[in-house]
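Chains here go by letter, A, B, C and D, matching the order in which they are written, and residues are numbered from 1 within each.
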């Protein structure tokens, strides 16, 4: 695999420069090195601000989802590395419109430390802040230990739903509760086919045989559930569905949204081949799919592979999922 | 590179099955093997119908752009192969709401033959039809021989603009004239880094060295302008810009739209790194960029590489570009 | 068995023979097309002849039967070769519509009409190293020939010679064109396919 | 040169020495981190010590100076090691705020406070094969020691021994955790970095 690069040290800043140049109506750069992206109209008076953050290399996650009815700001780290504490705290201050700030991000050790520390700073300066961690990766821990799960593509649903909730004028406690409900509703299974290349290191994140796949592997190459010979799309989809359905038992009449997400290189064609299996199985179960998403929503640069996310809906979550939102990567 | 596949013979049909299952509000399958995608509300009474068609493996092109304010139908061939004549003709009949049909597609030999033949059939049965070919690939022929150019990512602008024009209630002649104006306004330069794998053949479309790139290579591997060692993102962007600006001289005050398009594997991060150079150069020239697009809009499955399209705007084109439209891959 | 004039029976009979010839060479044609194109020539031709024999067009109007076969081609895959063949058959159909018997001496004329229509459809020219060149060779070799056996053998010899002669030249049309120098020395798969088609008609 | 008690001068001096030690081992630390993590430990530590020496915090309040260094860490990269170090420095700052001199005998206490805060921040435990284990080793080795020279040498010996001892155990925290069996036999880069930090303070 080959990359269009300049000096790898400038990778993130150049990327952000292009992002802000292309979509100034959505993204404003602030903070040291412009490593925070905020809505140009931030802070929105009276609205709970929603801040996320994490490593680069996952576009549209995290930065891309700053937008109307979505996130208010994102603190941006180097490729696959956490943003600094000060950066996170600055992002929080930039979006506090008086109603407080929700930190909504994926469950990764470094990010948790830095967000926790930023929240302690906020507390010292009387900025009201709450945190909700997205921990949707079914393969990374058992249901009994859900809190240990990594955060992956389910994040997209959490951003969408929390953003819509904040738009209703809800309080920080309400937005936090709904965001937590959305996070709890998300269950994701992934499969990795190839690694990606770290720009700075110039090498791949992990190795995997020419005819191998790894079910449940994390988006940075964290070990999964099972490595084995590459199977057919239908077999892989069925295996992932089995694991998902064991985690979130669905009954006739249930309503869910489904995200079939490419990790980067895997094309739309293959996602639809997989989605076909998902749709068939859910139909058999009598489950209704609402507003499915098929595409590249949470990636690891040019990694090949995909994930399936179930977001189980109740009336509130469904209404918020269908509420209007707008960023260059997601418009409802 | 690895693919999520079942029997390759079923690749296109399974993909369409998933596509229609995911987005029934946009896509309805008709015709032999369901190889035509039409808007569910087709034909729209009194509106000029717009039909495209071409080989599979380029999502969102072609099928994906069926939608409101966009295309009315698409006839779908096998991977990188033309759809049959009857399929095209059937698509035309399905979208004729009495105002006639525009065939709007990329300039490839097989497609031209089949569309021409379908149009002759239409003529025999008194269905009013016109054709506009998209021929935007600067690398494939000189400006003097523009009509010989292949159609690549510029297609997206043509679909958008022609679709918006048809939505105004314009006549077939008017829609045809505007579509032709849009096609003439589009100039694209591409660079290929890696090939993709043909599902049926199980092999790559072409070969290219581990540290090589080919400027101007076509999306099926057609030879380009220059093959050489992989350069930096900025150098590549500058070279492509030089060729584009030689083809479409821009002056201060001009307004254009720009599409930075990934051929598949190349991630958003790299597209923004390139867009940054494009934005800087156009700013220096005093050119205003309107509604730029950065993403995967016209692909070759998991090919790595990208293209830059300039769509030079006049007042009409700009207004139509900004008019509302909606499909799962493009919403304005 | 061979009728005095070209009738619908002789067309159906020819199609049966062509089916045998194509199926015997399908793999080879795929491989030839695969070397310079997308490798589907054998597949698409096989699919076409299977459909031909499954539901041959009815009636005794030569033109309408030729049109019937042409329509089967447009109804199947969208391959270049299939569309060109449909175009050629339609051109021949126009000249024979309303007739139940056509003198064998007109075969050369039908080939001329087919070739001209195909060139127009493909925006291509004689010398481009395509099936057009062998059709022209067959047309020229069959001029003024009235006996069907002689027609087939004259055409087959001319087609074979032309295919071989063109191997040395560069491709100027279709997917093969992009190969430039690398195409030198290779026979055009479309010409070879036509050669097998004509050879299946040899007595 | 060495003052009778821990003052801001002794802190600045220590930071200068640590800078030399870190820069000398930056490449090695990158390589160690690269084998099981993301390979940035040397880079991020170097960046931090450069910033320390460029703009050392002012004033003579030991606590405020420690807090000043902590804040420089949170202001630079977001690496785990940097955030943990900032957390540890802040904990020590809380205990020394408002004082211009702290008896050397309190160093062990400061290490205890730092280690506890870091464990809370990292949601990790002693025995997880992280920098926590060598901090605990240093804390234990420095208990009741009053002379600065002895402090450094006792800490250095304990840290080195603990780093070596843990090499045989599995990683239970951070990016290294995912390596499972492959991590056996490897020293934890965070422990090694702390070893070089302490060794830079040897007289």
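Note that in this section a contact is a pair of C-beta atoms (placed from the backbone, for glycine too) under 8 Å apart; a residue touches a chain by one contact, two chains touch by 3 or more.
Since we're looking at a predicted model, the values are computed, not measured.
If each chain is reduced to the centroid of its CA atoms, chain A and chain D end up 33 Å from each other.
Our note on geometry: chain B versus chain D, Cα centroid distance of 57 Å, whole angstroms.
Centre-to-centre separation between chain C and chain D, using Cα means, comes to 82 Å.
Shared interface positions of chain D, i.e. residues touching 2 or more other chains, are not present.
Taken together, the touching pairs link the chains end to end in a line with two free ends.
By the definition of touch given earlier, these chain pairs are in contact: A-B, A-D, B-C.
Only residues 32, 77-78, 80-88, 109-110, 112-114, 116-117, 198, 201, 218, 221-223 of chain B touch chain C when the two sit together in their complex. On chain B, the positions that touch chain A within their shared complex are 1-6, 11, 14-19, 21-23, 56-57, 59-60, 64, 193-194, 210-211, 213, 230, 232-234, 236, 260, 264-276, 279-280, 292, 294-296, 299, 301-302, 304, 306, 328-329, 331. Note for the complex: chain C touches chain B at residues 34, 38-40, 71, 74-80, 82-84, 86-87, 121-123, 173-175, 178, 180.
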